[in-house]
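The following block contains the structure, expressed as structure tokens.
In order of appearance the chains are A, B and C, and numbering begins at 1 in each one.
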Amino acid sequence: MHQLATELFPICRSLTGQGVRTTLNLLTQHVIGLQVHEVASGTPAFDWVIPPEWNIHDAYVIDPSGQKIIDFKKHNLHVMGYSEPVDCTLEYSQLVSHLYSLPEQPSAIPYITSYYQRRWGFCITHEQLQALPLGQYKVKIDSSLTDGHMTYGELFIAGETEDEILLSTYICHPSMANNELSGPVVATFLAKWLQQCPTRRYSYRIVFLPETIGSIYYLSKHLEQLQKNVKAGFVLTCLGDERTYSYLPSRLGSTLADRVATHVLKHLVSAFDSYRFLDRGSDERQYCAPGVDLPVCSVMRSKYAEYPEYHTSLDDLSLVTPAGLEGGYDVLQACLKLLEHNAFYKVTVKCEPQMGKRGLYPTISTKDSTAQVANMMNFLAYADGTKDLIEIADIIEVYAGDLYDIAIVLEREGLLKQSFVPH
Amino acid sequence: MHQLATELFPICRSLTGQGVRTTLNLLTQHVIGLQVHEVASGTPAFDWVIPPEWNIHDAYVIDPSGQKIIDFKKHNLHVMGYSEPVDCTLEYSQLVSHLYSLPEQPSAIPYITSYYQRRWGFCITHEQLQALPLGQYKVKIDSSLTDGHMTYGELFIAGETEDEILLSTYICHPSMANNELSGPVVATFLAKWLQQCPTRRYSYRIVFLPETIGSIYYLSKHLEQLQKNVKAGFVLTCLGDERTYSYLPSRLGSTLADRVATHVLKHLVSAFDSYRFLDRGSDERQYCAPGVDLPVCSVMRSKYAEYPEYHTSLDDLSLVTPAGLEGGYDVLQACLKLLEHNAFYKVTVKCEPQMGKRGLYPTISTKDSTAQVANMMNFLAYADGTKDLIEIADIIEVYAGDLYDIAIVLEREGLLKQSFVPH
Amino acid sequence: MHQLATELFPICRSLTGQGVRTTLNLLTQHVIGLQVHEVASGTPAFDWVIPPEWNIHDAYVIDPSGQKIIDFKKHNLHVMGYSEPVDCTLEYSQLVSHLYSLPEQPSAIPYITSYYQRRWGFCITHEQLQALPLGQYKVKIDSSLTDGHMTYGELFIAGETEDEILLSTYICHPSMANNELSGPVVATFLAKWLQQCPTRRYSYRIVFLPETIGSIYYLSKHLEQLQKNVKAGFVLTCLGDERTYSYLPSRLGSTLADRVATHVLKHLVSAFDSYRFLDRGSDERQYCAPGVDLPVCSVMRSKYAEYPEYHTSLDDLSLVTPAGLEGGYDVLQACLKLLEHNAFYKVTVKCEPQMGKRGLYPTISTKDSTAQVANMMNFLAYADGTKDLIEIADIIEVYAGDLYDIAIVLEREGLLKQSFVPH
């Protein structure tokens, strides 16, 4: 995963443009069946319209001494996203109103965009800003804003049922690692794993979209079908550093996705930060909007807007590590496994079954013997057809994953039946 | 308000009699449209009967030395409410069984009544009681208990709908300020303010009743209509001191009135005492009785029975201050304003609206820009048609009053619709 | 009760056999109408089958020096329950695999059974085990495992309605006092008290069963009738020591039985240990199984598996005392009394009734007078037909038992009506 992120890192992505296409083309080498779609500028999408396509070839600033002091080719964060073309000479005093820096993080280049109002600008470290001499500067941004397309990727992996799990990630940020590449990279490797699974109860829909406008467009085209089929979903973002884990709920707050996410985090990681929907900031804003209300939440490592490197040049591939990505991947994979195993269970006999005659119970009763089979007997005691595996595991205070094998044994013995709706 | 309380203070009110009439007549000078009603003694009211009318002209006790030592004209608390007439001479030992004092508050005259059993009595300070000499006393109470009427006041202020807000206060205590006059005085000034409001969504019903028998009679005449129309109500009492604020819930506990009262208190005052319905003591006992169940609670300053001056001559116009009354008035007015603004809101577009094209969003996205419009976006995120303004404000942790202007802007932009029932 | 326990203590009970019959015969001398039932070995009961009948006449071990060192006649715990017959001579090394002791409780004889797999064994103190010399031992168990019967007792005490309270206790443990005899002994004395009560709203069904197989058989025969009639039930076990009180909920957790048990314990004992259904271990495992779901919980003194003497020879009649049994009896009796008094109450008048005219209210109103009648007025305030006595008592924070007399007075005055379903 870290290697894929390294390949994707230098590409200058934005809402639209060649950077997005290059990114998706690279991902199609990893994921069989990933479809790339193009949507024309000007296409309406609910309250929005697909913006012009932005492409950029070069951008720089030359200082009074003739030195190229800001160079898009050295770091693509140097140019404000969606900057209009410019080619002129101006005074220091005119230039500075187009320069963005972070006084409190003087060595970081900030990430700034102006998608919906025409502007141009450069982003530089505050250290560099403070060292700029007076005098005349030559400024060039070789960009284009034209009727073109918005590009996104979509992968559908069919399962045994039409019930779907939605994984959504975004591909619209330039060179940043945790708050961008960790998402599509983990999504790609989850897709590879899902495609290798021999059976899948659920179908999986994995989308790689520009944030906000991408998910709004996608919802505007597929809302009814998604509302019918999607049983749980996750926004994949910020999955690559090693510092913590984070959970951000859906708006409704107790959907299947939320229950799975919190159960897995509670049992598989040592600690995690639990946010509120008020702290939202990614595409759950659209998936959970009133009238959309898909069961979508986020499981992350360090959450966007909560770590110091966020939206700066410091969010790079030293912050995102192989171990960090592995942790993010593992937790999401555990969520998908739990979704695959989750069902409503109902015991088939009245009263406790006689486990002894099936070899499932110690035949000699001692002071400790009940403790040994507690999980199995507790599972049976709560398998009343109204509780799914997650609820049973919560009640008996074990990780649901520890019950997968027990469920198989008890089903094989004819003592349990499962169904996907409460009985 | 304090000046009106000062005018009303000396009047000797009781359940019935001229004192009530004088009080109501004085209030009609402030409130256009205040109707005064008379109900004949003997009229049944649910389990009760309107008592005889009690009037008192004079009352005193003359001590063995011929000195008038207790004098109704000096303080009307000196006579037990509803004392029957008496005119006799008796020994000290006979007199003392008719004298009431408070050993633990030796300089206070207690407030004592005997509405439903014929008695006579005088209330004096414990200091005075302890100084009484032996010997013969002359006692005179020039009162009458006759078939007459119970008097109450009623004001109806029509609004845009038949939905009503009920304000109930009482006018049956003699010279006491917090636990009597603060209620009708604040009610009077709220009425004046409501009459000056250009529009009112709700109609307002403001009643000035003798406590208990008055509200029981009123409910016996108008129960069905009140149950149909009253959406929220408040018992106005103990609104005049400066020490604290208090909230006493309705019996059902989470009516619209309760939600408004607790939201306003939580956001507008620095602290308040939250009581239980078990601590009730005024007309919510009737409004919230089983089978009546009107949505009525109390917002007070220092609650009856909880401050030392309660039901004594110390509950006077030094305890009740202009600032204290202003605080009581402000909180009730804020409750009525919130009722007027409260509605169920529903966003009209799917997904987040594009605020930028409406000039409602910063067009340049920076690290801090989301925070700036958080209230607006959070309002939209929770405006799903199932939550009223109070619930939305509670979820997003702001005072509902801070959302009034946002609601107006978003409605004007066509992004929000309001309704008075959940959609 | 302690005397009866003393009579029952020496009998060697097990799931089946003469010990159970002797025990039940002794109880029939105390309880008129106790029926003894026999169920043939091999009879199916849900997932189970009634086991062979086990009887034992003698058992001992003779050591290499010819001394009888383990003797069933000295303590019936010395023989593993359901031991098959054996008569042989064997080496020390062969013998030890049939010996059971508790290293951590070296002076206690453990209680061990092997109901469903043929075995034989002796239970001894760890001190004795460690002192056994090498050499040849003579072993004799004069037992029989034959087609016979399982025996249980059943008492039905008819009440005014077909609604039933179920009391279930077990009679399958040999000489142990808290975790065995306290249950049938308290059940016996509750039966005697119930039979002497002049009226009973509920019918009472009291069963004396071998644990697990007994309740499973009983449920397999009577499930529908029990589900129809049983409104509350208690497993009676561990009711005889003086250390604490314990509550173990039903599986559903808030049945009438649970509400009664927790209300009584909260108000009548100074402290109690509250367990979860996960801590279950007696016949609530069957009564509360999915698809059975009877409203049955347990009120105990020191709970099985939670006190050191449990399932050892130390659980004897010095641990169980007259005072301990009395405490257990008192709490259960209070539960049954509360069940008998519990009803949904509804006030018959609108608004507060006038208590004064009925002599139920002080006729002179003073600062303290409301407090004096608080319980009565609070009862009336919450008697809205949707709350039973337990809920009303919980709300007004008094013991329901303190409201029995008030309910009678208010019903007599025509102010309250009761019903057994919410109105």
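To be clear about the criterion, contacts are C-beta pairs under 8 Å (C-beta built on N, C-alpha and C of every residue); 3 or more make two chains touch, one makes a residue touch a chain.
Small disclaimer: the values here were computed from a predicted structure and weren't measured.
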Common contacts of subunit A and subunit B, by label, are C
Copies subunit B and subunit C touch via same or different residues, half shared test: different
Can you give the whole-Å distance between the Cα centres of subunit B and subunit C? 55
Residue list for subunit B, restricted to those that touch at least two other chains: none
Touching subunit A in the complex: which residues of subunit B? 346-347, 349-354, 356-357, 363-367, 370, 374, 378, 380-385, 395-397
For subunit B, which residues count as touching subunit C in their complex? 46-48, 100, 102, 110, 112-117, 119, 212, 215-216, 219-220, 223, 251, 277-278, 280-281, 285-286, 288-293, 305, 310-311
